[in-house]
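Two complexes, one shared chain (subunit A), two partners (subunit B, subunit C).
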Partner chain A sequence: MGLTAFARLAAKAPAPVFVARGANARSLAFELSGTGDVVLTQTPRHACVLLATGAFPDSMVPALRQIHDQMSHPRGVVLAGAHFRGHGPRGVFSDPVVVTPEGDVHDAVVVLHRDLILGRRPSAPPLLPDRDPTPWRGVGPYGQGGKGMTGGTPYGRPLAGLADDRDGLKLDALELRLGPFLPMFPPGLTLTIKLQGDVVQQARVGDNPFRTDERVSVGARSSVFVRALSGPVTIRELEHARAAHHLERVGEALRAAGLGALGERADRLAANIERVEAAAVRRLHRLLRRSRTLAWATSGVGRLEPDRVAGRGLGLVARACGLPEDLRTQDGAYNELGFSPLVEGGGDACARWRLRLAEVAQSLLLASAAGTRTTGGTGSVESPWGSISSDHAPVGSLLELLPGMLEGSDWGDVITTIVSLDLDLEEAART
Partner chain B sequence: MTTPLPLWLAPAVVASVLAPAVYLTWVLDRWVGARVAGRRTSLGQTLASPLAEAAQLMLQSSPRAERPDRVTWLLAPASLSGLAVVAVATVPLGPMLHIADAPGGIVLFGAAIALVMVAVFLHGWSANSLFPLMGGYRFIALALSFEMPLALVLIAAALPAESLRFSDIVQSQVDVWNVVRQPLGLPLYLIATLGASFWGPLAFPDAPDLAGGTTAESSGAALLVWTAARYALLVALCAVGAAVFLGGWLGPGLPGPIWLAFKTAGLVATVVVIGHHVARVRLEDFVVVAWTVLIPLALVDVFLSGLLVL
Partner chain C sequence: MSAAHGAALIVFSLGLCAGLAVCAPGRGTATAPERTPYLGGYAPETHAWSRFHVRYYGMALLFLAFDMEMVFMYPWAVVFAEEGMIAFVEMLMFIVILLLGILYAWRERALAWA
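Up next, the complex of A and B:
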């Protein structure tokens, strides 16, 4: 009786959810957390529910299984528009809750959480055997993995080895592979980095898992920007989509800076973009622009010089370097609306999030003034990632620049940089 | 001189002071978070939220990681809780009511706060995992930068009282509170509080960019104890701030403990609001500012306080 009352109390807690996103994933941040009875966790250890959304190529499935097994009991899985090649609608999981395209993901998560806590549904069993990934190969006198006190790869985990630091000291250098589901990373991004302390000495971007022959997506990418490549769309729809996209990225940047509640506010604006007044965005913009610490934390981080980005069609990233590169200046419909590109100086993360917020307000004004004007169908479009065409995805250029931007940065700056660049690997794989 | 509580009563008093304070701080944190996010929550939902979250964590299984140092992993949250209790116990609750009003109260409090570094590092190290370890190292790198100003402003507050005992420091503010007499003290102390409780702009060890940092591998009861200990630590730091800079129990009309509770709540609310509005700064930048601005300012605070006493 006592335990039942205790479980009922526990069932009233916000459902802790870890989101794993594949290609063509639904944008769920606000849909889930907007009511306060779901909380998105940064680590699977804190979660009761694993929410998988999007299409997962085979290369991402092992990591997905690991995440599942890292969750504590009681645990369960919700699949929302999730697809796995050759695994059927239930994917790689034993007994997931499958949400139909018309279904409510939020309700499915809340109900599953309650059922797990109240014991109405069994906790999901492990998917992987509980054994070491590779055997212990200790040969040292203390049972360690190598000779002497350091070195070797016990259990397949490379130990830190001494290497020269940038300061001329000798410090432990540790090589790690991170991703593809790290919450602050874009879905699918893997980085192999060599860390000394929390400073990145080397960085290498892993293969794009979405660049594959597998038919992982259900149909083509449905983005309005991709549709605009081949046919006309209304400026209103395009600018609303741009504003929502930028607001979601601002929300991610705020969460990375420890401002989760303000990030949720940005998500709320993004989710209701067609009803949002420009004044609400301007209020958020004003609040953040006045934040000395946010500017302090992002100024000079992930800086790109104009000569490295000029002419690559990098859109907002180029405009944040002071370059007025924007395909909309060549569009008659936009010229009728008096459009001129916004720019920021600095080329760093601070300039990028400030410009994102300014462009949100600009897009809302364009959308409200556009009426029934249309654009698109010319084979190239100014998207939130830059100038895209059927054979050009500017995100690929950013991925080439990324290692050089990260090397020498501490871990916090690495995350700030990655979040500010909007590295959509699915978009990079489109061409 | 105040009257000490009987030893057997002390644990009950600490628990009865700290438990509701932790609960109310947790409620306040959730309420402010909802307001900042623009989310409407009912009063009942807000009040029940910490209890429900705690119950859920109690029902969650214990954390499992690959070859952790199990003893230390369990000990770290318990250590942080113990240090918060020690810190709270040093605060005199009223003119005739205190738990552990030691002659060297400031030293005892400072020692407890210094040992927080050990608890946080052990929490990060013992999980045998990357992000928790990085969180632990971050706190080590940061600790001295906020502990020095914290110690210096407390010493400055002790000078007019000519005593390291917290009750004497409160009594020395009968005419004028230290927040007026030493205007540098409280702002510096609040910055140090953000660091010591790893909160808001100085929330380095458990930050989102480290996937939860030292808590990245934690779950269940251990995570509950760690979370509650963080709130308790924040309460302890704010209670000391209220005693040292805002006159502690001093105030007209109401009983002393009520005044102390109000003042502590005011400081807790300030820190919680800062936590939801002020972005986390870069660690390296903060260390530079701490050693070039905050510590020199804290020294100026000590020298000026000494001159005034002379």
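Up next, the complex of A and C:
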């Protein structure tokens, strides 16, 4: 009786959701947040509902099973536009709630959470066997004893190896393979880093899971830029898509910096991009420019020198290093609109988010002045990631530069750098 | 039985109930993947039991030094009114010497994290 009352009370709490994103994932942050009855968690441990969206190549499925099993009971799965190769609409899960493209993801999540808490729906059973990689077994007859601090190899995981510290000490270097479902990372990014304390000694970017022979369609928003490669599109549509894309990235960066409410504000602007005025974006820009904390946390982080980015078609990243590289300057229609590229000095994460917001306002002004002017069809387009063509994806160049940018920085700065670069692995897999 | 005994009994039985509710069998124990630390989808390959440089230790030592200085200030505050200016100058000298130490540490970059 008493416990039922508690359960009813718990069912009224916001539903904790962990979002696992694959290729072509729906941007759900705005759909889910804002109403207050859903909270997005940073790890599956804090979540009750696993929300999978996008296309998952086979190489991501083991990791997806792992995070499913890492959720505590009671747990459930919602699939919103999720595709798995060789599996039916239920994917790799036993009894998920499948939301149709017209369906409301928010409602599905809230209802599932309530049913799980009230016991109207059973908790999802584990997908992986209850087996440690290797049992912890020492040398003694009862599994006790052995060499080293722990007396044996704990669950098949050797202790961290020794490496030279920069202070001349020999200390342990911890090697971690992070991703592909780390919320601050772009979907699919895996990073193997060697940490000493919180300082990255070595970083290695893993294989792009979306670069497979499986057909992975590019996202609805980015498709405007891909379409512009082969045929004309209106400048209005292109610039709206660019503004929305940049606003979503700013939202992600703000959430990673712990400024969730401001991130939500950026998402709200992105979701209503066709009705948003440039003045609203400028207000957000001014507000963020005044934040000393944000400037302090992002200045000098993930710095790129201009000579390393020049001539690689890196678009916004190059413009944030003070290089006026923009394909739009060679476009007659943009010249008629009086377009000139915006630049920002510094080449760090701070310069990148400031330039991103300034370009959102610029794109909105271009879109409103463009009328029926069209662009594209020349085989190369200035996209939010830089100048793309059918055989060139600038994200690939950024992924090559990434390890050099991360080595020697703190773990917090790793996140700030990654969210500032807009590493879309789906776009990198296009070529 | 006094009221205090009664209150203690109530607190004890409530604690016992809460303990039993937590330990109550029902859901079973966590499986091996559930016990694994979360790294974004992969299982850790090395054990997290590692020795690393405690970089804040310089700051911790400075904190301790100033903490002890505050302890010294309590008896000083008691006699300050009687002794007057002499006590004030003595404390000032003491703090200035400590401050020089901090400025030296700052110059030698002992307060830098990384």
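The criterion applied here is as follows: the second predicted complex is superposed on the first by the 399 of 431 C-alpha atoms of A that agree within 3 Å, B and C clash if a C-alpha of one lies under 4 Å from a C-alpha of the other, contacts with A are read in each partner's own complex, and residues count from 1 in each chain.
In this text, a contact is a pair of C-beta atoms (placed from the backbone, for glycine too) under 8 Å apart; a residue touches a chain by one contact, two chains touch by 3 or more.
Remember, predicted model here, so these are calculated numbers, not experimental data.
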Touching partner for A:Gly197 - first (subunit B), second (subunit C), both, neither: both
Which superposed partner A:His73 touches (first subunit B, second subunit C, both, neither): both
Touching partner for A:Leu342 - first (subunit B), second (subunit C), both, neither: neither
First (subunit B), second (subunit C), both or neither touched by A:Arg45: both
Partner chain in contact with A:Gly179 - subunit B first, subunit C second, else both or neither: second
Partner chain in contact with A:Val226 - subunit B first, subunit C second, else both or neither: neither
Which superposed partner A:Leu399 touches (first subunit B, second subunit C, both, neither): neither
First, second, both or neither for A:Leu9, with subunit B first and subunit C second: first
Touching partner for A:Arg268 - first (subunit B), second (subunit C), both, neither: first
Residues of subunit A contacting subunit B in one complex and subunit C in the other: 43, 45, 72-73, 174, 176, 182, 197, 410
Residues of subunit B defined as touching subunit A within the complex: 32-34, 36-39, 41, 45, 48-49, 51-53, 55-56, 58-64, 66, 130-131, 134, 137-138, 200-201, 203, 207-212, 215-220, 223, 275-285
Footprint of subunit A on subunit C - complex, ascending: 27, 30-34, 36, 38-55, 113-114
Partner subunit B, residues of subunit A touching it in the complex: 6-7, 9-14, 16, 34-36, 41-43, 45-46, 48, 72-74, 117, 155, 174, 176, 182-184, 197-198, 254-262, 264-265, 268, 291, 293-294, 296-297, 301, 410-413, 415-416
Touching residues (chain side subunit A, partner subunit C) in the complex: 43-45, 60, 62-64, 66-67, 69-73, 126, 128-133, 149-150, 154, 157-161, 165, 167, 169, 171-182, 185, 190, 196-197, 199, 410
